[in-house]
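In structure tokens below, several structures.
Look at the two complexes coming up: chain A is in both, with chain B in one and chain C in the other.
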Partner chain A sequence: MADDVLFEFLHMEMVSHIYKDQASRGEMEKDRATCVSTLEGMGFRVGQGLIERFTKDSPSFKDDLDVMKFICKDFWINVFRKQIDNLRTNHQGTYVLQDNKFALLTQFSNGKQYLEEAPKYLAYSCGLVRGALSNLGMDCVVTAEVSLMPSCKFQVVIQKI
Partner chain B sequence: MAVCIAVIAKEVCSYWAGTKACTPSTCGPAPYTFYLQVFGHFFFSPLFNQNYPLYIRSVPIQNELKFHYTVHTSLDVVEEKISAVGKAMADQRELYLGLLYPTEDYKVYGYVTNSKVKFVIVVDSSNTSLRDNEIRSMFRKLHNSFTDVMCNPFYNPGDTIQSKAFDSMVTAMMVQAS
Partner chain C sequence: MVELLQETTTKGHQYEEETCLGQETQAMDIRLNSELFTLTYGALVTQLCKDYENDEEVNKQLDKMGYNIGVRLIEDFLARSSIGRCQDFRETADVISKVAFKMYLGITPSVTNWSPAGDELSLILESNPLVDFVELPDNHSSLVYSNLLCGVLRGALEMVQMAVDVKFAQDTLRGDNVTEIRMKFIKRIEENLPAGDE
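== the complex of A and B ==
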């Protein structure tokens, strides 16, 4: 019944806890960056574990695009209960995943209100995607941007060594 | 990147017996060799091609080096098979190396997960009762246990596997494989 919101509430508490923790130690300057990377790191580890479970029974992926499609469909459905609405790529290692109604942002607003608070709530999900991809063998950098809530775009840039 | 879980169970009866001497008359049917190794890839090292063992287990400890060597050479074959994926295939790979050494026969089986973790099992060829689908089910169990290890918050990807649950699963598997 209320299953869907359990993770959303946990996530909200996680974010506020991390920020409260940092704020109590002073030093407002470094706070933002370390909070975001803490959240991202948490998402990273969780993403690694999740991928292990989700790909247990599926056949191996043909190429990077196949992996991204898996992330957009099965992974997103399992975590956020819907698919990614739009996947764009330049076929050179950059992918843009667009979610028009991102599950963790739906409660914020339907427009531009609280826009500056949004990045905090996207850090964990960026880490999630980065962890998932890293466990599948793709090192990448994941960033997110929001222009109009609750839609957001995740940009994945695959690092080629 | 390979995760090798090497579990080698050479002689189940000597494993059971511990240090007691084990002869065919006391131990029953001929003991089997069984080696399992798990290789991981999480630690990025440009020197080592990212294949390093996360877990190694062999029942009789003697001749372990020989099995390390066997498994490392078999990793090349595994890499070959992974890079040959041109069409959608199941991620189960089988390596049948046959007679690797002139004195003894070993069958080497490999399995690669989607996260590029490799499991390698080496069994003695005199163990003819281990059929293909039994090996497959062993790999499934290994994969399931490894997934559980990955989801354990106290496990950092890249560490050697210390989980007791994993150990006991491998032990049970080795006993069953005899």
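== the complex of A and C ==
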């Protein structure tokens, strides 16, 4: 059906458009943060919708770790066509998901070239994860960091009420 | 605040059907992925509606973005399909509907309504994956939701030396029975060789 390449193209164009658009509307510094939060917000909505469709018929999860394992395996496979390579936790609400060959970064570079541009292309995915977790009952903050492409780490910090 | 309504109820019965047939993982993967694209597109249109005051502007932006995607997508298409050069516009239309649309959106629109001069045609889409969970609210009646497709076709064809004009003639989102894309061939773009190359 809809090839995953369509999503990649759309995602690239979305990022490009959001940044071009903000640039033409004025001040630089403030806009970079707005762009990221716009993309993240879009990802959030989509993440919520996706997880609803996906877990419609599944039993509920035992605990947070179970949810995170689901995100690392089934969710990641369906969205990014592979599993998360490494999941780490401090057992106190912080999880680090490491993807050694992140689907949206493979076309960028195989190292440090274009490192400054990478965060733009991760904002949407952070939103996806945050949206998915939000609809599974976990409020959290998701950030991403890249030091060597195409590998990247997503950090999920669960917000205790 | 204006929002496009997105219901997540459609295709429920189809989802169960696929599971029963035992082809779950493959079908589920493909289905989920097309939902990712559909939902992402929806989020994009919603965002554009927030950013721009009127529908015409949103339509224009969608077309522009589609164009940018199209000029890249054509390379991906040619690489995957290894289709050779088309002899005429009719063949082009056939390839677009039977190969390209099938490859990327899983649908095969029918090619009809040829103009007498053979330079204008209609692509009739029985279903449009982009609008799977979408309803247009009343205050966005002139929004051409799937306008990205027009830009994609325009951009892709320009890269193979064809200037075309593409627009939606009918849209199921706006109450029509089918979705109809009208494509008009304008001219062949001559390849410009750099000076000194002969």
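Keep this in mind: the second predicted complex is superposed on the first by the 159 of 161 C-alpha atoms of A that agree within 3 Å, B and C clash if a C-alpha of one lies under 4 Å from a C-alpha of the other, contacts with A are read in each partner's own complex, and residues count from 1 in each chain.
The rule is simple: a residue touches a chain if its C-beta (ideal position, glycine included) is under 8 Å from a C-beta of that chain, and two chains touch if they have at least 3 such contacts.
Please read these numbers as outputs of a predicted model, since none were measured by experiment.
Ranked by how many residues of chain A each touches, chain B and chain C are led by C. In the overlay built on the shared chain, the residue A:Pro59 is in contact with chain B alone; chain C does not reach it. By the touch criterion defined above, A:Gly49 reaches both chain B and chain C. Shared-chain residue A:His11: touches chain C; no touch with chain B. Comparing which residues of chain A touch chain B with which touch chain C, the overlap comprises 45, 49, 52-53, 56.
Across the complex, chain A is touched by residues 6, 8, 12, 15, 28-44, 46-47, 51, 61, 65, 68-69, 72-73, 76, 103-106, 129, 133 of chain C.
On chain A, the positions that touch chain B within their shared complex are 45, 48-49, 51-53, 55-56, 58-62, 135-137. Residues of chain A that touch chain C in their complex: 1-7, 9-11, 13-14, 16-18, 21, 38, 41-43, 45-46, 49-50, 52-54, 56, 77-79, 81, 124.
Contacts from chain B toward chain A in the complex involve residues 1, 41, 85-91, 112-116, 143-144, 146-147, 150-151, 153, 157.
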